[in-house]
Each structure stands twice: as C-alpha cells, then as structure tokens.
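Think of it as A, B, C, D and E in the order they're written, each chain with its own count starting at 1.
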Amino acid sequence: MLYREAGEFRTSYPDDSQTFPIAFDKFRYYAILAVLFVGVPFIVNDYWANAVLVPVLVWSIAALGLNILTGYCGQISLGTGGFMAVGAYSCYKLMTAFPDLNVVFCIFLSGFVTALVGIVFGVPSLRIKGFYLAVATLAAQFFLVWLFNGVPWFYNYSASGQITVPERTVFGIAVTGPYTEPWAKYLICMFFVFVLAWLARNLTRSSVGRSWMAIRDMDIAAEIIGVNPLKAKLQAFAVSSFFVGISGALFFSVYLGAVEASEAFGINQSFLVLFMVIIGGLGSIFGSFAGAAFIVLLPVLLKNLLVGRLSWPTDIATNSEFIIVGALIIFFLIVEPHGLAHLARLFKEKLRLWPFPH
Amino acid sequence: PWLSYRTGPFSPSGIPAGDGFHDYFSLLNERDGGIGGVPINVIDCETAYNTQKGVECYESTKGQGSLLYQPLSTGITYQLIPKGTAEGIPIFSMGYGRTAAADGRYFPWVFNFPAHYWDGASIAIKHILDLNGGDIAGKKITLVHLNAAYGREPIPTLQALAEVHGFEVDFVPIDFASSQEQKSQWLDIRRKKPDYILMWGWGIMNAVAIQEAANIRYPMENFIGIWWSGSENDVLPAGERAHGYKALALHRPGKGAPIFDDLQEYVFDKGLAAGTGEHAGTVLYNRGAYGAMLTAEAIKTAQEIHGVAEITPAMMRDGLENLVMTEEKMAANGFPNFGPSFAVSCENHGGGGEAWIQQWDAHATEWKLITDLIQSDKELINRLVREDAEKYAAENNIEPRDC
Amino acid sequence: MQGTLSAERERSRDALLSVNNIEVIYNHVILVLKGVSLEVPEGGIVALLGGNGAGKTTTLKAISNLLRSERGEVTKGSITYGGEPVQNLDPSALVRRGVIQVMEGRNCFEHLTIEENLLVGAFTRRDGASNVSQDLDLVYSYFPRLKDRRKSQAGYTSGGEQQLCVLGRALMSRPKMILLDEPSMGLAPQLVEEFFLIVKNLNEKEGVSFLLAEQNTNIALRFAQYGYILESGRVVLDGSASELRENPDVREFYLGMSESGRKSFRDVRSYRRRKRWLS
Amino acid sequence: MVEQLLYAIEVSLNGLMTGILYSLVALGFVLIFKASGVFNYAQGIMVLFAALTLVGLQAGQVPFAHLINAVFGTRIYSFGWNLPAIAAIALSAMVMVVLAMAVEKFILKFLVHQEPVILFMATIGLAYFLEGFGELMWGGEIKPLDLPLPVGISDTIESATFERFGYGFFIDKLDIAAACVAAVLVLSLVLFFQYSKIGRALRAVADDHQAALSVGISLRYIWVVIWSIAGIVGLAAGIMWGAKSGVQFSLSLIALKALPVLMLGGFTSIPGAILGGIIIGVGEKLFDFFMNPIIGGATENWFAYMLALIFLVFRPQGLFGERIIERV
Amino acid sequence: MSDKANSEAKPKNGSGEILMELKGISLRFGGVLAISDVSFDIKEGEIRAIIGPNGAGKSSMLNVISGFYHPQEGEIWFRGERRPSMRPHRVAAQGIARTFQNIALFKRMTTLDNIMTGRMTLMKSSFAAQALWWGPAEREETEHREKAERIIDFLGIQAIRKIPVGTLPYGLQKRVELGRALAAEPKLLLLDEPMAGMNVEEKEDMSRFILDVNDEFGTTIALIEHDMGVVMDISDRIVVMDYGKKIGDGRPAEIRNNQHVIDAYLGVAH
C-alpha cells in the first residue's frame, strides 16, 4: 500500500472539494511546481526551451481551452487553429498599436478578443450538434484564416503578409523577439499556464463547470433541470476561446516570433489540438497537459531516435514516425479510450490496492 | 543543414531538390575529400514544409556546428531570419524567402541570391516586353498566385511595373486548401481573356492550374510561371496539353552539364545517391545541386578570406557576402554556363537578378531555355527592396550597418 | 409445474446452459461477480432474482458475451451452452446458435421504425421472407400496440412501447433460449401478465428456455420453475420456485409480505433493514 | 448584361459538375457514418492510398522500394511490367478490401460500443498510419494517372452553345465522366441500402452497437463490408481527382472540400451527398462570381462551410440526414 | 392482492389549494395525437398519480408540464397564474423538478456532482467569482454541498458519492435521479416511473422517500407508476389516461372500482 488514502479524513466540505484531497498528492504537486518555476529556468537551454518546453506549454494552453469546450461541454470544435490566429493577430495589433502596453496585458487582452469571436461562432451550437457542429466549426477555421490572410490591416500592410513580433520586455527582461533568453520564454509561458490552469480548475469544480458537464452528458435533461443551454454553451465557447486565444498569442509572440495565418494556424493545428485533448483525456485538466506533451514530444522523440540514433534516412524516418504515432494513438484508444488521464487514474487505483489484487 | 521535406503535401518538390543538394556534396566528399580538405556533413532535417517542425529542426541542429541554413520554405525562412540574425548563423534562401533580405545592410545574415521574387516579376514582364517590341501598354496581365505570403510577394512589384509600362494587372489568389479545384478562377480568366498570365504557385496548385489553362485552351506560351512553378511535376500531369508553358529559370535544366558525369561516376554508381538518382537533370534536382554548388563556392571563399579550412558560421557569412560567381568558376565546377554570373556584396545579398525563360516541350518532355539571361529592372527593384527593408527595420528597431 | 425440476438439477449434464463459478471484473479493477454458478435446463424457465446491483445484468451479459464491449471480462469459470463452451464466441455467433438476450434499458434502434426494428430482429434467420412476415404478424398479434405504431421511429415511442419493441424483436429471431433482463419494466400491469403468458406459451409449445432476471419477484416466481437469488455478486439462495416462495426472507424482501399478508407501502417505516442471510 | 447572365449560367453548370465530384468523396464518409456511426477522418487518406496503389500497381512499382533499398542496399524500383488499366483497378479494389479487413481486425473490433468521438479519434490514428504507410509503400513523388479518361473542354457543348447564344460554354469532359460515375455509384448504393437486409442492419449498427450485437448482427462482417465499399468509392474518387492533378499527397486534402457537402446533405444520406455537392459546387462558384470584385478572391475555402453552417442552423440534420432524435 | 385493506387518503398537509391546473391540453406529433383535451389539477401538498396503459400519453403530460413539449391547445396555470409558453430551464427555475422514465442522469459525472447540478437554479454566485474561487463563491459552494450531502444521507447513497453514475446499477441510478430532483427544493416534483426496475424492498424504500419528502418539505408530487400496489397506497388522487384521453380522476378507492379503468388498464381489480 504505497499510495494510501485510508487514514485521510476530511471533516469539512471545503477540504473535500480541494484540488488534491490526498495530502501526498498535494505535497507532490507543490514540489513539482517549485521545480518548474525555480529549478528548470536555471538549467533550460535553447533547444529544450524552443523545441520542447515552450511548445508543450503553449499547446497545453490550447488543449486546456479545447478541453473545456469539448471535454467538459461536449462541443467538438475544429476551429481551434482559427481562434489561435485571432489571439495571435490581436496580440500583434495590440502590441504594435500600443507599444507601451505591457506584453502580458496584451496577451490577456487578446484572450478577451478571442473570447468575443468565440461567442459569435458559438451561437450556432445551440442548434447544431455532434459531428455536424464539428464540421461547422471548420467554417470559423477557414473564414478566420482567410480574413487574416486577406485583409492587409491585420498585418499592418506588410509586403509579405507575415506578422513579426516586436521586442517587448517584462521587468526589463526581453520576453519576445529574437534576443529573448530561453529561460525568459519558458517562464512567461509557465506563468500563463499556471494562471490558466488554476482558472480552469476553479471553473470546472464550480457550478459553471457542472452546467457544462450536464450539457455534455445530456443536453435535454440538463435544460429540463434548469441549466440554461444558451448561457452554458456560450460560456464554454467564450472561456475556451479565451484560453485558445492566449495560446495563439503566445504561439506567435513568444514561441515562433513570426507567423503567417494560413501556415501557422491552418486546419492541421486544429486537429492537433483535438488529438491532444482526446489522447490526454476528455474532461481532465491533467489530461490536457499529458496530451499536449504526448503529441508534441512523441514526434521529436521518434525523430531523435530514428534519425539521430539509428541514422535512418529522413524520409523513411518521417514516414515511420507517422506510422508509429498513428499506431500508438490506436493502441492507446484500445487500451484506454478515456485517455492518458484515465490511464493514470487506473494506475493509481491499482497502486492503492496493491499488493492486493482487488 | 538542409531543411528538407520528403513527406507531406510538397514532397514531390522536396524530394528532387533534396537529392540534388545531397548528391553534390556527396560528390565533393567522394571526389575531392570535401572542400579544402574538410569533408562536408550535410545535416538533413525533415520539416514536411511545416513551420513548427522547421523551428524544431533549427533548434536541434544549430548546436551541431551548423554553418548555414537552407530552409527551403518561405514560411520557415521568416522564422529563421530573426533567430539566425540573433545567433549569428547565416540563412541562405536561394530564390525564395523574404525579398527585402536582399538588402544586406538590414539583413546581414540572410542571403537570397542569385535572384529573388521581385526580380522574377520584373524579368517576366521584361520577357513580355521583349515579345511585344517593348510596348505593352493596355495589355492585360493576370497573376495567379497562392494565397499566402509567398504568392503575394510579386504584387507590389507588378503594381509598380504596371504604372511604369501602362499595363493592366489583376490578381487571382488561390487558397492552398482549395488549390485542387480552380474551376471558377479559370472560368473567370477564360472570360476576361488576359493577354498574359503569370503564376506564383506551389505544390499541387501548379499542376492543376496548368491543366485548367489547357482546358480553357489558353495559349500556353503566354502563361509564365516563377521558377517554383516550372518543374516537371507541374507540367507532366497535363501531358501533351502543357506544351509551350513557360517558366523562369534560375539555372539550366537538363542533364547537359559535365557535373552529371561526375555524379554518375562518384555518387550514383557507388550507391551513394540520396534518393533514387532518377531525378538527376530535373529542374528541382538541378536547383538543389546548383544551390549546393553556390554554397560550396561560398565555403571556399570563406576559407580563402580567413585562411583556415575549418570555418565558423561567421566566416561562412563572410564567404557568402564576398562570393563572386564567374563563368570560369562554374565551368571549373562542372556547371558551365549553368547559372548567371553575379557578385554578392555587403549591401547586395540578392545577386544579380538575372534569369532565363524556359519552355516546356511536351513532345520531348523536357524544358528548353528560349532566351538569354534577362536582367531585371534593378533600379526599380532596388528601390522597392530598400523601402521594404527600411520599413522592416523601423518596425523592429534595426539599425543599418555601414557598407 | 413447479418443483418438478428440483431433481433435475443434479443432472447438470443435461442442462442446456450452465454457468460454472464465473468471476467478472470491469475495467480490470471492479470485481462484480464473485463466483456465480447456475443452470438452465432444456425447456426450463429459470428466474434470477436480486436487488439493485446484485449482478443480474452482468451475469446475463457474461453469458451472451456482450460484456466485452463494456470493458468487462470473465476472469474465472466457464460457461457452456448445449455442452459447448461459448466464452470465446462472437455475440452474433451465439445468436445464430439460438441464444438471444433482451437487454435492460430499452435498447431500440432509435432511427428505425418499429417495424424495421422487428425485422432486424430476424437478421440471423435463413428461413425465408414468408416465415419472417408470418412471425411479424404473430408479434403484432401479441402486442397490438406495436401494430398501431409500426411506422413511427422507435426513438419517438413511449417507454413501454419501446420495451415491447425490444421484446418483440427478440422473439423475431426464433430463439431456443432467451435471456430476459427485466422484461416487465415499465409495462402496464395487464401487459406484464400477458407477456408472461406468452413466455409460458413459448416454453410449453415450442420448448424455448428462459433465463429471466426480474425484479417483479411475484410474477417471476409464478412462472419460473426454478430460481436463484443473487446478492453482491454471489448466489445466496436457490431452489425451486415453490420453495423460494415459502422462504420467509423471500416473502418479506421480495414479495413484500409480512406475517399479516401484504403490507401497505404507506406503512413501511425503516429503510435499512438487514437481510438475515447477510448478517 | 446578357453575357453576364450567360457567364453566370456557365459558372453554375461548372459548379454543378464540380459539386458532383465533391460528392464522390463525400460518399465515402456517408457510407461509413451511415453504417456504423463512425466519422471516418481517414477517408481522404483512403482516397489517396487507393489512387497511389492504382498508379503503383499499374506502373509495376515495387512497394516499399525505398525502404528495401535502404535496408538491403539493393537498387530495385520496378517490376518492369505495365498492367492494363482494368486489371490495375481490380487489384486496387482488392487491396482496399484487404485494408478494410485489417481495419476491422486491428482497430474497430476493439472499439465496439465506444463513444463516437473515440471512434473518430481512432480513424485519425488510422489516417496518420496510412499517411506514413502509403508514402513509405509508394514514395512521395507525383505520379501522373495513366488512364484513358477524357479530359479537356467539350467541343460539342462549346460549339452548340456558341451557335445558340453566341457564347461558348466551357464544360470539362472529365467532369461529365465523373458525374456519370457518381450517378451510377449513388444509384446502386441507394438500391443496396434500400432493398437489402444488410442495409437495414447497417442502420441498426449505426444506432447502437450493443443492441445490434444482441440481435445477432455480426459487427465484424458489417464493418468489413462497409469499409470495403467506402474504399472502393474512394478509389473512384481518387481516379477522378487524380486525373486532374496527378496522384500525390495533396489528393488527401480533397476531403476538406467534401466535408461541407456532407454536412449540407446530411451525414447519413447518400442522395444528400449528391444534392449537397451540387448546392455547394454551384453556390461557391456563384458566390465567388458575385463577391470576388467586392471582397477579393479565394473565398471558396470558407464559403462552402459558411453556407452549410447557415443551412444547418435551420435544419440541424442537413438536407436528408436522419432526424436527430431528441427525447427524454 | 385485492385482498388488502388499505387506508383511505390521510389528512392533507398543506392548504389544499390548487398549485397547478391544466386546462384542455392537446398535443399532437404529426399525425399522432398524444394527448387530447385533458384537464386536471394538482393541489398543493398532495401526491397525484397518473396511470394508464403504455403509450397513453403520461410521459408526454409530464413533458408538457416541464415545458419540454408545447401543447397545441390548452392552458397551464401555475400558482394562480397562466404560464406562457417558456423554455424548460425557466420552468425549472419556477420550482418544478423531475425525474425521467429512461434515466437521464449525467453519466460521466459523479453522484455528488449530479446532485449538485440539481441545485443549479439555486446557486447565484457570478461567473467571475467562480473562476477566481473567490470568497462568496467558495462559501456558496460549501453551503450547497452541505445540502447535497443531506440528500445523499437521506437516500442512503453515501457509498457511491464519488462514483460516475454511468456504471451504477439501474436501481441506484433511479435513486440518484430522485436525489437530483430533490436537490432543487422544488415546489412541484414530477416523477416518471420512479420505481421501475426495483424489487419490493427497494420500492418500499422509494415509497418511504416519496412520502417523507411530501411530509417533511410539503413538496407536491405528481408521479407516474405502473405498480398498482404502490400507486393505490401512496397517492392521494389519481388521473387515469388512455389513448391520450382522461378516462378517470379521483381517489384510489374510486379509481379501483371504476369500470372504464379496469377495462382499459387494470385488467383485474386491484
């Protein structure tokens, strides 16, 4: 019985609705946070920051956002790429229009702009459901990308149509632009991840979150017992887009530095985020992180292994990568359709019983 | 490193180009033991034409002593320009990337010789001027382009040229996602009957556009593509009907150059070919090999300047910046008269801005050069480049260096 | 008719269906059945009784092999039908051998009309369209309500109509053995009575065997010959229907009789009483 | 003015033809969705895979040549034969059947009775797999499709319309051929679904896997059948689209054009796919025609989706889709 | 079963005023006439049963009351006012809660969350406060949690508090559903076959819950049930429907002897 909850008694309901009701978990959580915020910045180098950590963090935010919409509220969306583009472009516009505004503010504001756009595209969800809705959200995806591509105002009339992030600082330290230190990039993303994960957690454990889940599990019944579907769905769209927008803003400003709508925010990105959410676990915050890490890191890992270690030709390696990723996705679904998060939960369950079989 | 894409939607173009690049360096390593006695290690990194993977490639390979990046994608080039600049690794985007990078004062680490997109636009118009005895006032010219940064590159140039020469120009953007179905665009073109069509397309869009042009019986000889819209991949699906299609050429097509004998002897016959070897002589293969040759020359130049064999990225940059391509050098490398002669300088990273026009002969299934080298309207182009570079510099607080 | 089978139980080799000491685990962790054995003789009606969560549904699904799609697994024991082990058969193969399950919870095909639902029931039959349509008429004559609604999509019919539809659908496959999971749920009283008469009829005339998980103990024990009582995944009591009916615990907890005859629901006072066999 | 009108008609006619080509792709989606409730994301890749197989077989390409050569240092690329078109098509169809069996055996079998989104995800995994597998097997180069299909402008129509209206209409012969293929396919599929016992069983499976199992429908059999048909329909789509652009990776992206068609026609309706295709085809061409001067081009990408979206707001199950049952 | 000597209705709690009145309700679906011109009332504090053969229109009636179906004809009066046609969630906010015939729980949520969702209409803290888990929001959550726990205790489902309800056995799900409806502290509680799929013992429990709710909180209850024993024992008045029409209305003793009802539904006298 390595992992125990016996002997853990909770005498009040607030205690019981804690994020980590088991003391061991809580302790571990603080330890991890400490390492992430204080330890990692000292050792992170360029490669780790730019190719591993920052993308994982940025994608995690997007996955968190989509998980709120799809995992908690049950509305499948394939418009994530488009909403990320909204975040990125509003961030760019804000940064260039108000050069003195703190970049952290800009990023939060882009989140709000995206939330508004999300609400607009969320309206049809009142009528359209399931895969029909999923396909319908592609309208948002294509329209938004077209818009940013086609209206020069969005890219400040630059000749190429690309947007490039200007350099901005926080406390005198550059966080955007080519001269940013890797640890600064990492920390700013970490900051957003932390704040947003905390918000997500709060929302999902309170009545807003329950109204989402009710809509997800059975929308008609939810309405009959008093959930306002209009409100719940639009809230979910807004919050989800808020997250996705911030992720897009970070993707542009901190991670890539320069983007073009059709390439950086294409339909593939939408699918990618959806994979993360499903592989990680629908309706699980931890799952969003696990999924993002899985989808971002697996190809990198495979590439390092196949090309770096085994020196396969790049094309064979890449094709094999696809084959392996595809097969792994299927394998995971077969082993555990409810994602990595559920797998972790089962594992814990077994650990709790261990060494007794049942 | 060579950021290649042998997979994904653009693999038909990425494969031959990658083969050419690799094979040339394999040849140097096999035949000459490298450059100046130092074997060249070409790091291949697969991007599938995807920006993010490109960044990952950059980050993962830059620690391995990379001298220079050939991103082979305009989108990735944009990512790498600030990164390379900040970290002091030169970026060589041959005939693509950011046009303004031709201005070496603002882009000290970025090179796009021998010619860039705006040169291309100007050269195409020059060709049309030549066909019409120098007067194209009132003619209608349509640009069919990919609706992306790359495709929009020539628009300002064409507008500027239209003012100068008094032709009408209009633009038909095609989104990548719908580039397989261009019927409405081509019906529109059929109705408007432009005198000439230019194309800035990529991937499957080229092939479909040429098919559709053939379908509406557009006279192929009035249809001119940029050098990225002029490979065998683009014309073959249309078969016979693509006969007469023209495209700009940065270098010679075909297997005529002596270098191919060496490649056969030292690379293909030894089983060292990067791919199947069967692409040798195709436009994109030659582009890869040509790019490799230019790179090798720049390395040699760098070695000469600094007097060492093992060079650093900074030296590499100097090599690129002082590269002088002459006919003799090309001939010595087995590429006689293969590309234009040009000289790179501190101020000019864009080369001479010359290119040929090639035409597709569907019966012989080969490209043929039909003109001499055409020089772009450098005065106009340089002005545009300077303006754009200055704008970029102003946005990003970059001070020009003195040249 | 009751009681005639008590001796027969010894001759388990004759049993059409026999379940030997099976254990079922869901999701690799939740142990639900902890060694259940039971037998259904050829031509018998056997009732499976037990409270909510006792494991009746799980037992039936284990037999019909529908467990796998619920991520459940039979980890111990064996199940044989007509002497042949059936654990590794596809559910559809089992249907072709004549074992059909009526699932709990009115699993109609929502988008199909009632009539289509019934016809799908005959999917495995190979004896020609005319026989099928004859049986269709038969089902309609059993349940005239279905005939009224034959053209409506099953998803839009009332709960009871759906229940009838599922029952009728099972009959359409001309089974040798039917596993019934709470057939009486949501049916009007007189229909329940009629349905059990049909069961009895099929049993007697056509020799169809039944395994019947039922909450309506009263009626189940009236029609069954033998019964098993399941509690928390174990068989706690079994015996012929008449024996069970006489058992004081069964009388109190399953038939709702107190010493002084039937109690009124209004007078029940305490919620949590212990059953004698559990204490 | 008259010319404008004539042009608009021409554009619509072409849209109609294109629309039918879209529906050919959409049909594959419909089949699988209708029969098993699975939204098969891999349909686009299946189109590509089928076409690659066809071309590869026909040209006598050695599968996995690149891999084999890399591993064994050999230099084999081709068997050196050239199969006749009919034989190659038949063989490719067989390959698609084998693929269907493999999908059932290694994926679907384990995912009975899971939520639709899980199955959807599994098909995404399949798409990844096939994408890598297809390219590894046949290589990433572009390959012209060598079938005797008619292409180019139809002179008969052009001259006939020119005589009548003084304006020659442009209709692609390939489009006409595709429309005929689509019509034949749709008709036979509709008949199949309507009049066979399997048709009903398929719809039952789509409604509820477990209940279908309980009445003795063998899911495995059904899945193999329907994925095979979808694969063969994919082959047809691959041939038609491959004739336009050569067979290469981008062929799989055509799926994106099929989705709005699917949505508009209803996920479960075969005639819906055709009608949806026509509406989308005509609609997007006309929209481009009218709006291009105002808001700039390249609207086709999103217009189809917007059209479908607006339409769905009024009819959430699409044109002919099965009504979404809302009951408690 | 007919031999039992059952009590007549106990003295009514509450004022006996009319809480809800349905006047001339007709409901059609295409060609199907599900309800035709049915009128009845529900008095404050009573237990009102609706019975009738399958497909008689009982569930549809509850759906009309809870605003899910909108009848083509007829009026609904609630607490003395005519109720305009409104969305179900607004009806719920007025204090009408219900359970469903085919269990409609939120399958992937835990028992506790399901019951907390039942309190949705009573929770007031703002979106922002919840996002920040700010004082009032946390306090409110705790308060409601206490109430939910009381219901859990009351129904004796403590052990399954944290289990996703989807895997629970049928009977327990029914109980959770009742809990969810109770959590809304409704004025009027609608129960659609709350005891289907239960054995006698469990039915006894369920009856007890219903009677207690009725007694202690004075909640008015309308219930549909096919078990005549239960219906006759615990209800105060019964409406009988058949083929969408009302064929009887009255106290259990009257209904039991009503010939129409016996013919159409009971089969034999109960």
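Before moving on, here are some points about what is shown:
Going forward, contacts are C-beta pairs under 8 Å (C-beta built on N, C-alpha and C of every residue); 3 or more make two chains touch, one makes a residue touch a chain.
Quick caveat: nothing in here was measured; it's all calculated off a predicted structure.
Considering every other chain in turn, the ones in contact with both subunit A and subunit C prove to be D, E. Of all chains, B has its CA centroid at the greatest distance from the CA centroid of subunit C.
Two chain pairs are in question, D-E and C-D; the one with more C-beta pairs in contact is C-D.
Computed centre separation for the pair subunit A/subunit D is 32 angstrom, with centres defined by C-alpha atoms.
The distance from the centre of subunit C to the centre of subunit E, each centre being the mean of the chain's C-alpha atoms, comes to 29 Å. Taking each chain's centre as the average of its CA atoms, subunit B and subunit D sit 35 Å apart.
Multi-chain contact residues of subunit E (touching two or more other chains): 68, 100-102, 104.
Under the contact definition stated at the top, the residues of subunit B that touch 2 or more other chains are 6-7, 11, 15, 147, 173, 175, 177. Multi-chain contact residues of subunit D, defined as those touching 2 or more other chains: 66, 132, 135, 140, 256, 296, 298, 301, 327-328.
Two chains count as a pair here when they touch; such pairs are A-B, A-C, A-D, A-E, B-D, C-D, C-E, D-E. By the touch criterion stated above, subunit E contacts subunit A in their complex at residues 66-68, 87-89, 91-93, 97-98, 100, 104-109, 113, 116-121, 123, 125, 127, 130-133, 137-138, 141-142, 145-146, 149, 180-181, 184. Against subunit D, in their complex, subunit A makes its touches with residues 70, 76, 124, 127-132, 134-136, 138-139, 141-143, 146, 149-150, 220-221, 224, 267, 271, 274-275, 278-279, 282, 312-313, 315-316, 318-330, 333-334, 337. Interface residues of subunit C, counted against subunit A in their complex, comprise 25, 27-29, 31.
Across the interface of their complex, subunit B is touched by residues 7, 10-11, 14-15, 18, 21, 66, 73, 75, 77, 132, 135, 140-142, 144-145, 151-153, 170, 172, 241, 244-246, 248-251, 253-254, 256-257, 284-285, 288-289, 292, 296-298, 300-301 of subunit D.
Of all residues in subunit D, only 33, 39, 66-67, 70, 106-107, 110-111, 114-118, 120-122, 124-133, 135-136, 140, 256, 259-260, 262-263, 267, 295-296, 298-299, 301-302, 305-306, 308-309, 312-314, 316-318, 324, 326-328 touch subunit A in the complex they form.
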